[in-house]
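Scrolling down, you'll hit the structures one after another.
Here come two complexes built around subunit A, the first alongside subunit B, the second alongside subunit C.
Now for the complex of A and B:
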C-alpha cells in the first residue's frame, strides 16, 4: 500500500501533468545520441525528481526502475569513516553526498570519480555512458563542488551528471556553466487542483472543488505536500465534504504561537520561555532556516516599515552566521532578543 | 554497487557474445565543449598575448613556471594542455602530472607525489631519437582551492627542481595564491572573450556540425528567450517589477513577489547579479540611492553565496530599497 504521492507519480515523460513543453524538449534531448550534464532546479515538490526518473526511463527503458540500495563506507584523509547510502540501477547511480556532512568532498572524489572512470562493458543496445544523479546539490560544500568541476569534463565520455538543486544560488559558477539548467517551476493552483481531482477520481473518491482549493492554499504550491495533506484528510474523514477541516502542520501552528508570544511580551523572562519553545522545535527536527523564515514572516506582520527593515537586517545577519556556525540555538535566540529590543524601544519612543 | 561498476547488464552470462568484438571502437559521444577544445596553441581564441608568448616557448622548447588566471571559460586549461601536447607530442602522458581539485592535494600530496614526480629527471631525446625538452610539467588546475599550507610546501620544490620540472598553476582568483608562489611564476591573465569572438567560434562550430544550424544563424543563438531560459537568465521584467514594487513601498506586495520568484524557481543569486547592472544603469535613481542599494546588494549577495537563506536576503534587500527610495 503505497502513498498516493508514490502510487500516482508519473513514470514517463509523456505522462507528466504540467510543463509539457519542457517534457517534449527533454524527450528530444533523449533521442539524440548525446546528452549534456543537467541541473534541475526548482522549489521542493515541483517535480524535479519525477522528471529525472522519467528522463532516465526514457533513455534506458524500464531497467532503471529495478533499484537496489547500498551503504558505502569511505575513509577521509583524516582517517574518519563516513557512510553514505546510494541507490543504483544498472544504468544510473543516485547519491546524496551531503549525507556525509563536511566530508562530502571525499564522496565526490572517491565514489563519483570511480564510477565515472569505469566504462560500460557492453554498450550494444544502450548508451555509452552512465548517469550519476546527485540530489540536494546545493548542500554540497564549495570544496566538493570544486572537486566535481574537472571530473565533469574529464570523464564526459563515460558519464553524465544530473544535479538536482533547490536553487542555483549556492552552486559555483564553474559548475553552473558546465550544466544545462532545467528550471522546474512549481505548478500553479489550477494545475494542482486538477491533479488532486484526477488522483481522487482514480481512487474512486469525489473531491469538492472548494476543498481542493483550500488544500492548495495550505500547500504553498508544493505538490507533494498537497497530495499528502489530501491523503491525511481522507484518513480523517472518508467521503470528502466541502467544509472539511484540513489538519495544519503542527510545527507551523507552534511557530505561529511562538511569534505571537514574542509580540505580546518583551522581557528576559519571556526570552527564556521562548528558548524552550525553540529547543522544542529544533529537537522535533524542524530545519532552523525554516524556523527563521517562519518567525520573520510572523513577526513583521504588525510593524511599521522601519521596524520591518531593521528586523530583516538582523534576521539576515543572524541567519548567515547560523549557517557558518554549529549551534543553531544561539543565533535563533540572539535574533529573538534583538527583535524584542527593536520592538520595545520603538514602542517606548512612540508612546 | 559492484555489479553496477562492473557491467551494464544485470543478466548473467552475456560474456562470450559481446566480448568477441570490442564494440568496434565506436566514436564516443562528446559534447561540443570537448569536441572543439583547441588542440593547438594557435587555435585558442582571443588571448593573443598569451598565445604569442606560448608560441615562442613551444618553438624554443622551453617554458617558464607559469600562473594562468582569469574568469571561467576563457581557455586556461585548454591552452596549457594544447601547449604541452605540442611540446611533448606522444610523450605527453609521461611528462605531465595533472592534479585538479578532484584529486587529493593536501600538504602530504605536495610532499610526496609532487616532490617525487619532480625529482625524476627527464631525458632530452625521445625514444625515436628526436630531441625533446628535458623537463616535465606539473599542472595544478584550480589552484585557488589549494590550502595555503600546501602552497607554501610548493615553494622550495619549485625552485629546487627547476632543472627538470616546470610548474603551471591555473586559477580563477590570483589573490588566493600566496605571494611567494606568484613571484616564482610568470603570470598570464586570460581576459573574458569578446562577443564577436564568441560569435565567430560558434559560427565555425555550426559549420563543422553541418548546415542544419546555419538557418537560424549564431547571432540568433546569443539573443533569444529560449537560450536565456537555458542559461538561467531571469527576464528583464522581473527586475523592473521588483524595483517598481519597492518604489510603491508596499511590504505585502514585496513578500508576494518574492514568493512568486521562489515558486517560479528563478535563482535569487542570478537575480542579484543582474540587478547590479540594472541598478547602475537605471536612469530613474540618483547617485546616493544607487550607492545605498549597491552597498546592500553586495552584502546580501555575499551572505547568499555563503549559505544564507534566499528569502531573507532578497527581502532584506527589498526593505533597504524601499527605505532608500522614500
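Now for the complex of A and C:
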C-alpha cells in the first residue's frame, strides 16, 4: 500500500508542479560538475524533501532511488550507544540527527567522517562526492551545528551536505553562510487545488472544488497534510461530496480540548491535569513549539479582548524561554499558569 | 613450579629482614607493603631467577595484612618513650572479638553463617564468594577481620600496586629494560596463587582472600573481564573470596552496581550482605568502650566529656571510623613532647567543643540530607517567629549543587499539590522556568548553582498558603520518544517511508494514516486501541 503522498510524488525536477522557475535553476546547478552545500528552507509540507530527491536523481540518475535503510550505532564520549536510522543509496545518505537528541553532535561528526573518508570507487560518469542529507536541521543543537561547520569545511572534497530546515533562524550564521540557501515556499491555494484534482483524476475520482478548497484551508497550505486528509476523507466516504467531513489531526483535537479545559477551571489541581495532557502530547512526539502555538491560538480565540494582548505578551516571553531552556514542559506549564491567572482575575473583576 | 617456590622463599626472607630490622613503624599494613615492595623490586633484577613475571612484587602485598601483630605493638607503644603519637593509633581501638563489634548482631550473624557455609563445603567447593556493601565506616572490614580470626582464617588482602616493575624475558642481563606490567594480570595471579599456596610464615592453614581495592582496569574497562575472572576463580580458586565495596551516591561510581550485576551474583552464587550505617545507640556504647581504652593510655589521652562524645556520635552519622577519629582528636592531651601540630589541634579542640554541640560543622562529617528530606523542606517551608526561614535556601542549594538538574526536576514534579492559589503557582513556575534556562547555560559553572537557588527560593517563597496533608513524592517524568516510527507503523505507511522522523510522523501522518489503513481492512487493531488509550 502506498499513500497518495508517496505514489504521486514527482520524481524529476522537470515534473514538479509548482516553483517551476526554481526547478529550472536547480537543473542548471546540476549541469555543472560541482555544487556547493545546500540548505532548503521553507514550511513543513512545501516539498523540500521532494526537491532534494529530484535534485539527487538529476545528478546521479535513477540509482538514488534504490534505497536501503539501516540502523547505525554511534558511541558517545560518555560511552553511551546511540542508534540512528539512516536511509541511503550508493550516492547519498539521509539522516535525521535530532533522533539522537542531545547526542546529535557525535552523530554528525562520526557520520560525516565515515561517509567522507570513503571515496567513490567508480567515478566514471559519476560525481566524485557523496551527498549527506540532513533532515530537520533546525532541531540540531548549537553544539552539533558548530561541529558540523568544521566538518563541512574539512571534507568538502568528498562530500556535500544538503540540510533541510523549516526556518533558518535556528541555524547558526556560520552554517548559513556556508550553504546556498534555497527557499521552498508553501504552494498557494490554486496550486494545491490543482494538485489535489490531478491526483483525484489519476485515481479515477471526481473532486468538487469546494471540498478541495476546504481541504486546503484545513491543511494550512501544507501539501502533505492536504493529500493525506483527502485520502483519509476518501476512505471515509468514497465518491466525494462538496460538504463531506474532513478528518482532523487527532493531536489538534486533543489540544483544542485541553484549551477548553483551561478556560473551564483555573486551579492548581486543574493545572496538574493539564500537565498530564501536555506530557501525553510530548510523549507522542508532537514538537513543543507546535503545542505552544496551537495552545496560544486556541486560548486567544476563546478569551475576552481585554486579556488577549496580555496573553500574547506572556506567550512570547515563555516561548522564548522554551527555546533557551531544556525542559519544555516547564515553560508550557508556566504559560498555562499565567493564562489561568489573568483569565481568573479578569473574570473576578467583571462579576 | 620451582620458580614459584623460589619466590615464596625469597619473599619470606625479605619479610624476615624487615621484621628483624628495628622498624617500629611496621604496624600499618600499607606502609609495610610499600617498603617491602621497594626492597623486593630493587633486588629482583640483580639476584633472582629470570622469567619471574609479576610475582615478586605481588606477593609482599599479599602478605601485608597481619592481624596478630597489633597487640604487641600496643604494649610497646604505651610504655615506650616515643614522642610521636604512634602511627596507627586506631589499631588500639580495633575490636578483638565479635562482641566488641559495633555492627548489628544480625549482620555479623549473616557473615558468620556464610563462613560456616564455606567451612561446610570446603572440600567440594572451596571458592565461595561474598560481597559486603554498606556506607563508609559501617564496620564491614572490621567485622570480616574479627570473624576471620574467629574461624582461623589467614586474611590476605589485595592492594593495588603503585608500580609494578617487572623484569623482561631476558632478565639476567640487567638492561634496565623493565616495563609496567598489567594490573589485571597481577590481580589474576594474586587471586589464583594466594588462594592456593600458603606462606611459609603462616601458622594458619586456611586462607581468606579480601579484595577491597579494585584494580582500576576492572572499573574502566567493560565488565567482561571481571566475569571471566570470577569464572576462572570458581574453577581454580581454593579459598573463600570476599569483596568489600563501600556505597557511593552516584551510580557511575558505584562499584557494587557496576561490577556485580544481579545475574552475575546469581550465576556465581555470590552472597551479598549489605551493612547499614551504625545505629547511634550502638555507637554510643562503643564510644564508651573507646573511652575506657583511652583511660589505659593516660599519657596521650584525657577523658572527653560526655557532651563531646554525644555530639561526636551525632556528627558521625553512623560512620564509626569518623567518630573514632573525632574522638581521638578531641581527647588528645597536649603533652609537651608532642609535635606542635598535634598540640595546636588539641588546644583548638577545646574551643571547638561548644560549636560541635550546636552545629558540628568544624569537625565531623558534612551534614548530608537526603533528597526526600530536602524536598520536604522546599515544599513545606517552615518559618521562625521573626518570619525568617528555618532552613535557608542556600543551605539546601549547597547540598545539591552537584546535581542541580535532578533536584529541580524533582521540585517541579512535586510542587503543584502543595499550592492552593493559582497566582502563587505563577510565581513558582516562573522561577522554575527561569532556573531551567539558567541550568541550560553550560558556559558558566556558577550559573547552575544560581539556577538551583532560584528554583528553590522561588518555590519556597511563592507559597503563601500551603496545602498541608500527606502527599506522595513523585519522581520526575522522563519523556522517551521513540526516535523512529515503530515497525507496525512503518507497515502502515509502507517501507519506503522508513526515513520519516518521529516528530513528523506524530504530527502529520499518524492520525490520518490510521484512518486510511483502518478502513482498508489492514489488521491494525493494536494500533487503534493504542490511540484510544492516549487520545
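Everything below uses one rule, namely that the second predicted complex is superposed on the first by the 306 of 351 C-alpha atoms of A that agree within 3 Å, B and C clash if a C-alpha of one lies under 4 Å from a C-alpha of the other, contacts with A are read in each partner's own complex, and residues count from 1 in each chain.
One rule holds for everything that comes next: a residue touches a chain if its C-beta (ideal position, glycine included) is under 8 Å from a C-beta of that chain, and two chains touch if they have at least 3 such contacts.
Here the structure is a predicted model, which is why all the values come from computation and not from measurement.
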Subunit B versus subunit C as contact partner of A:324, first or second or both or neither: both
Partner chain(s) touched by A:136 [first = subunit B, second = subunit C, both, neither]: second
Contacts of A:225 with subunit B and subunit C, given as first, second, both or neither: second
First, second, both or neither for A:209, with subunit B first and subunit C second: neither
Subunit B versus subunit C as contact partner of A:24, first or second or both or neither: neither
Partner chain(s) touched by A:272 [first = subunit B, second = subunit C, both, neither]: second
Contacts of A:305 with subunit B and subunit C, given as first, second, both or neither: first
Partner chain in contact with A:242 - subunit B first, subunit C second, else both or neither: neither
Interface residues of subunit A shared between complexes with subunit B and subunit C: 86, 324
Residues on subunit C engaged by subunit A in the complex (per definition of touch): 409, 412, 416-417, 419-423, 425-426, 429-430, 432-434, 436-437, 439-441, 477, 479-484, 492-499, 501-513, 515-520, 522, 531, 534-535
For the subunit A and subunit C complex, residues of the former touching the latter: 1-3, 6, 44-45, 67, 69, 83-87, 94, 96, 98-101, 135-136, 139, 222, 224-225, 228-229, 231-232, 235-236, 247-251, 253-254, 266-268, 271-272, 275, 279-280, 282-287, 290, 318, 321, 324-327, 329-331, 333-334, 337-338, 340-341, 344-345
Residue ranges of subunit B touching subunit A (in the complex, touch as defined): 1, 3-10, 14, 18-19, 23, 26, 28-31, 33-34, 72-73, 100-104, 106, 108, 141-142, 145, 172, 229-232, 249, 251, 255, 262-270, 300, 303-313, 315-316, 319-320, 322-323
List of subunit A residues in touch with subunit B within their complex: 33-36, 41-43, 46, 63, 66, 70, 72, 77, 86, 88-91, 93, 108-109, 113-115, 118, 120-124, 126, 128-130, 142-143, 146-151, 153, 156-158, 167-170, 173-174, 176-178, 180-181, 183-186, 221, 289, 292-293, 296-297, 300, 305-306, 308-309, 312-313, 315-317, 319-320, 323-324
